[in-house]
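Read from first to last, the chains carry the letters A, B, C and D; within each, the first residue is number 1.
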Amino acid sequence: MPREMMYAEAMATALVEEMKRDSNVIFYGQNLGMTDRDPMVRQFGKERVRITPISETAEMGIAVGAAMTGLRPVVELWMSEFMLVAMGQVLNEAPRIRYMTGGQVKVPLVFKAGYGFAAGWAGQHSNCIYHTMMGIPGLKVVLPATPADAKGLMAAAIRDDNPVVYLHHYMLTIDKGPVPDGEFVIPFGVADIKRAGSDVTLVATGWMVKHSLAAAETLAKEGISVEVIDPRTIAPLDVQTILTSLKKTGRLVLVDQATRHASVSAIIAAEVVEHGFELLKAPVKFVTALDTSIPYSEPMEKFVLPDEAKIVRAVKAVLGK
Amino acid sequence: MPREMMYAEAMATALVEEMKRDSNVIFYGQNLGMTDRDPMVRQFGKERVRITPISETAEMGIAVGAAMTGLRPVVELWMSEFMLVAMGQVLNEAPRIRYMTGGQVKVPLVFKAGYGFAAGWAGQHSNCIYHTMMGIPGLKVVLPATPADAKGLMAAAIRDDNPVVYLHHYMLTIDKGPVPDGEFVIPFGVADIKRAGSDVTLVATGWMVKHSLAAAETLAKEGISVEVIDPRTIAPLDVQTILTSLKKTGRLVLVDQATRHASVSAIIAAEVVEHGFELLKAPVKFVTALDTSIPYSEPMEKFVLPDEAKIVRAVKAVLGK
Amino acid sequence: MEKREALSKERLIWMYTQMLRIREFEERIKRTFIEHPGAIRGHSHLADGAEASIVGSLATRNETDLAMPTYRCHGYPIVLGSPAKKIMAEIYGRKDGLCQGYGGSMHLSDPAHHFPGTSGIIGQSIAHATGAALTAQVKKTGQVVYCFFGDGASKQGAFHESLNMASVWKLPIVYILENNGYQVYTHVSLEDANEAAGDPLSQKAQAYSIPGVTVDGTDVLKVYEAVSTAVERARAGRGPSLIESKFYRFSAHGNAITVPPVPTQFPEHEAIETYGRKAEYAAARARDPILQFRAKLTGNSTLSDEAAKKIEEGVRAEMEEVVQFALKSPFPAPEDALKYVYA
Amino acid sequence: MEKREALSKERLIWMYTQMLRIREFEERIKRTFIEHPGAIRGHSHLADGAEASIVGSLATRNETDLAMPTYRCHGYPIVLGSPAKKIMAEIYGRKDGLCQGYGGSMHLSDPAHHFPGTSGIIGQSIAHATGAALTAQVKKTGQVVYCFFGDGASKQGAFHESLNMASVWKLPIVYILENNGYQVYTHVSLEDANEAAGDPLSQKAQAYSIPGVTVDGTDVLKVYEAVSTAVERARAGRGPSLIESKFYRFSAHGNAITVPPVPTQFPEHEAIETYGRKAEYAAARARDPILQFRAKLTGNSTLSDEAAKKIEEGVRAEMEEVVQFALKSPFPAPEDALKYVYA
């Protein structure tokens, strides 16, 4: 029985359910569980819910060591850029250990962080850094776009025996949607067709799914049918669902909040040009952030980021209109 | 008048010449300039040549602050993975400051590091992490493949008024080649055609250029003419030279030591599928590392990395042979 | 070290005035969230409560010395001489802002007034400030760098690495740890090993074999004394010092974080909202650095009540102008976003 | 705390034997570079000189306590009970290696013998070890974690962040800073603020309000005493300690870094090669921890010369077998590289 829930609430629900289910799951990070009145502390106690200093290297490194020895840590990192001060733990420790030990040691953990906060947070707090985490064997990366995905992917992330980076989008925090009650786990590597269509295949993640669905709605009024695909996890990446859609449409628009050379879109384009080349009837079109840092002032910020209008234009362009 | 020089020597020569030319250039890092007998210390003194602790965040952060206030630091970081423990300085400090200050402050510095040491250094010391530095507006990234490029690109990196990551390939360290004497600066964003050809366009960087040229030589004996293009800088990336070559060949092979989703190759493929789609006569072929961490044992290490034989197979495949 | 000469009456009044200007500027920021919703975007962090620490520190500067604070950076340029109206315009995202609207509240910068810039990422600016001190040493400029950061930041690796290097290299820098009791919602006792053990945070200096002192950051003259000693040491080439300046943050960490178009403004202080510590907060307010200094100056008749009133009225009038200037300043053109990516 | 009971004769001889086994193992590594060029790839780091520090520390363990060292990790599993032949086979990149050839010299791991693994990146394993201590605390296993790292690593941010958190959380861990005088070519005095000021590195403990002691790391019994005290404190739930164990690295940092097929082996020690400090090196060798302990044991007739000789011969014979085993072990199949990427 699904019920309406906010995106943030859906993530939290999955975390609580998984912590109830498995006492090895612990949750910590900065600025959480300050007092005994905190709901998570009340429910799970101060051993399993901990507040940390501003020490990302230790926060994530401790999670790696705890995971190596039998816990399943979920680390709240707040903004994904904060991980950059300790990126070695994300890219060169957590995902390497199982392999380097010849499979003896597993590292089940979740690094949870928000991203893409396009609301005047300026140059250092609004970025999309997921490209840094792609092509890192051993690491999985999740980008939920709806409350239901937020819950189902969080449950899957916590149950996964590998290090998982769970990146939720700040602009979606209070968006509401139907979320299945109780046990609900979304397998990784399975793209979701957020809207079926026949003229153009459009692939987007996170907040860009919302913009793309709005654009698809607008275009539908003009008789253009867009299929909107959300990979949901970018590592592993479900290329097959995109290729299947291209068999129908032959036209591809890739939407990404990141700059072009830091985008998932570029990776998807690369897969398509090798494995779906014959399916393409036209050049692939990209709608990405412009090549600047994110400016503070609103008119400039809006100018550099993808939006519904830019997506509509790209879809028409790929149709030669 | 060019003279034969090792790759490592060529880099060092450029550094020395630039330090002679501009007293604002300083050079520091771990395990260099230990004593007064050190040649760099003898030549430039202990103020401008400094040894540091194992403190990458401070090493790179100090460079940012020094660059903001009038110096032009060159930081020796040894292996590029060591930058990961302080990646925020590379991706979210150095390249953002000029923009965030509205152009008031510039950050001229060079982060120098080696990479790709495929010689039994195992999971944490043999990687290619350049994908993390692409699509970061404000940052430039250099990957020299020959002694001449090593010199000319180092000179350009030091003279550039922006943060530059200079990534030299460990496997090329003692390779020799002709290097122009004296003032020699290679502009960024200009790809180099390392070998002209007419049947297939092949793009590679760093050590892969060497393997690709060997493959091209072998293929030439079979009457297959391969054009080998080395972008030399991946930010900025010279797409035009690749497109021009594709006008001739219509076939593209992309060779990269990184895993597929962490490769420059994927970015190039994305550019081509948008801007060179009509030029392609066949699907693009990739030769990249397999999706594993780098194993220690030699037979496994060789298995996962690109080599001449794999490149030869890919070129034939793209020709339908 | 020989006793430094006493501060002149003019200087004392200047210091008091700067403290008032900071306070009034920040009050106008808070009012802006109510009077002009949406005028300020993102996240703003205020300096109310820090006035004595900021002014007492910067009053020791030589003309060319540099200040390198964090994202909580409104107070410093006000004292350094940046036009307050350009600071406000920046926070409003306008073309006349210090950074033409590219940076906003967290990323003020005014090199012309010896303020190179900030970082919004904890601890990173400590390394940048240390680098500025390296420039001063290499170029022998005689400058000292004032590096300001919070209690929370002292737990970031960048703090540790930077102070060790500054000590080994004897760099001309003073590290001013602004212990305002909290990092966002977290009381320092929950995250700092020294505090948890009842030791001062200045004890961290032992790890770098440099002087470490704790000073009452609500007493502008005590701050002035402690920082002067550290600055003299730095300028003499004897290396860095760590000063823990203890005061209290009067406003919440920053404006509430909301997703547009949900409006935002400053919530209650975390001491009350999160911990219910009304008494702690009241006690801190009772030790308001501005009231303390005003009492001292009027008490020893450096300042008459009328003179004080005049100053206060002058500051209020200035900041009213500042707000009006910022409100009238135009926004940057959208396509200006393409500028300044590369030098 | 009540005096702990004296070590039994058997235990003392066991300790001496383990020290010899480490030394002989590392000697065989060095010989391998000469006798079997190419058999060992990449970078190997030896423990000769560290024997007293390693054995004195690990001799204090309870059965299930964990050891978390760095890339310089051959010595610990030898003492923990991992089959030496599997360690050697791993370093030779063979299928019978501890990690089936995936890890090599820098990445040994043997969870069955209480050695979860290492990191080759400086400082990172300090955080991992702290996480292992968190597991012990949360799961109430009663384990203590032994975290070993170098003098150089103590300047990495991970050290600072980890020790602060371990202190605040009172984690059951002992931080053993192996001060062997150098980090690669760099003498401690060139990079450490405490050393540069003539202070002990154990002073860094002040920053975390935990006990910090410096011990003679060439005296196995002194190390045993100091570590025992720290372990008791950790096990009692009173939190971490920092122990600076001072000894000397007898071999160069690692084998020379070369590009294949250029052969590599161990160069001269940096003290001589880089600094020309022949006397420093000779003095350190004169304080060889093994010779010291042998003299003590034979001196107080815990060990007769014949018994000592027997042990030495036994160890030599063992390590000869170890090398032969490793040389005969097959290489992994190339396609095995595709295994163990994901759990």
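In this text, contacts are C-beta pairs under 8 Å (C-beta built on N, C-alpha and C of every residue); 3 or more make two chains touch, one makes a residue touch a chain.
Not measured: the values here are computed from a predicted model.
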**Chain separated most widely from chain A, comparing mean CA positions** = D
**Message:** So the centre of each chain is just the mean of its C-alpha atoms; given that, what is the distance between chain B and chain C in Å?
**Reply:** 41
**Asked** Taking each chain's centre as the mean of its CA atoms, how far is chain A from chain C in angstrom?
**Response** 36
**Message:** I'd like to verify one number: the distance from the centre of chain A to the centre of chain B, where each centre is the average of its C-alpha atoms, in whole angstrom.
**Reply:** 29
**Item:** Set of chain B residues in contact with two or more other chains
**Value:** 52-53, 55-57, 81, 84-86, 88, 92-93, 99-100, 122-124, 137-138, 291-293, 295-296
**Item:** Multi-chain contact sites of chain C, meaning residues that touch two or more partners
**Value:** 99, 101-103, 107, 119, 121, 123-124, 155-158, 161, 164, 168, 190-192, 341
**Prompt:** So that we know how the chains sit together, what is the shape of their touch graph: line, ring, star, complete or other?
**Reply:** complete
**Residue ranges of chain A in contact with chain D within the complex** = 26, 47-48, 50, 52-53, 55-71, 73, 88-89, 92-93, 97-108, 137-138, 161-162
**Asked** If you look only at chain C, which of its residues touch chain D in the complex?
**Response** 155-161, 163-164, 167-168, 190-194, 196-197, 199, 203-204, 206-210
**Message:** Help me check something: in the complex, which residues belonging to chain B touch chain A?
**Reply:** 57, 81, 84-88, 91-93, 95-96, 99-100, 122-124, 127, 129, 131-132, 134-138, 235, 237, 258-263, 265-267, 269-270, 272-275, 277-278, 280, 282-286, 291-293, 295-296
**Asked** For chain C, which residues count as touching chain B in their complex?
**Response** 66, 68, 97-103, 107, 109-111, 116-117, 119, 121, 123-124, 126-139, 157-158, 161-162, 164-165, 168-169, 339-343
**Complete:** Per the touch rule above, chain A residues touching chain C in the complex are 30-31, 34-35, 51-57, 81-82, 84-86, 119-125, 170-171, 173-174, 290-293, 295-304
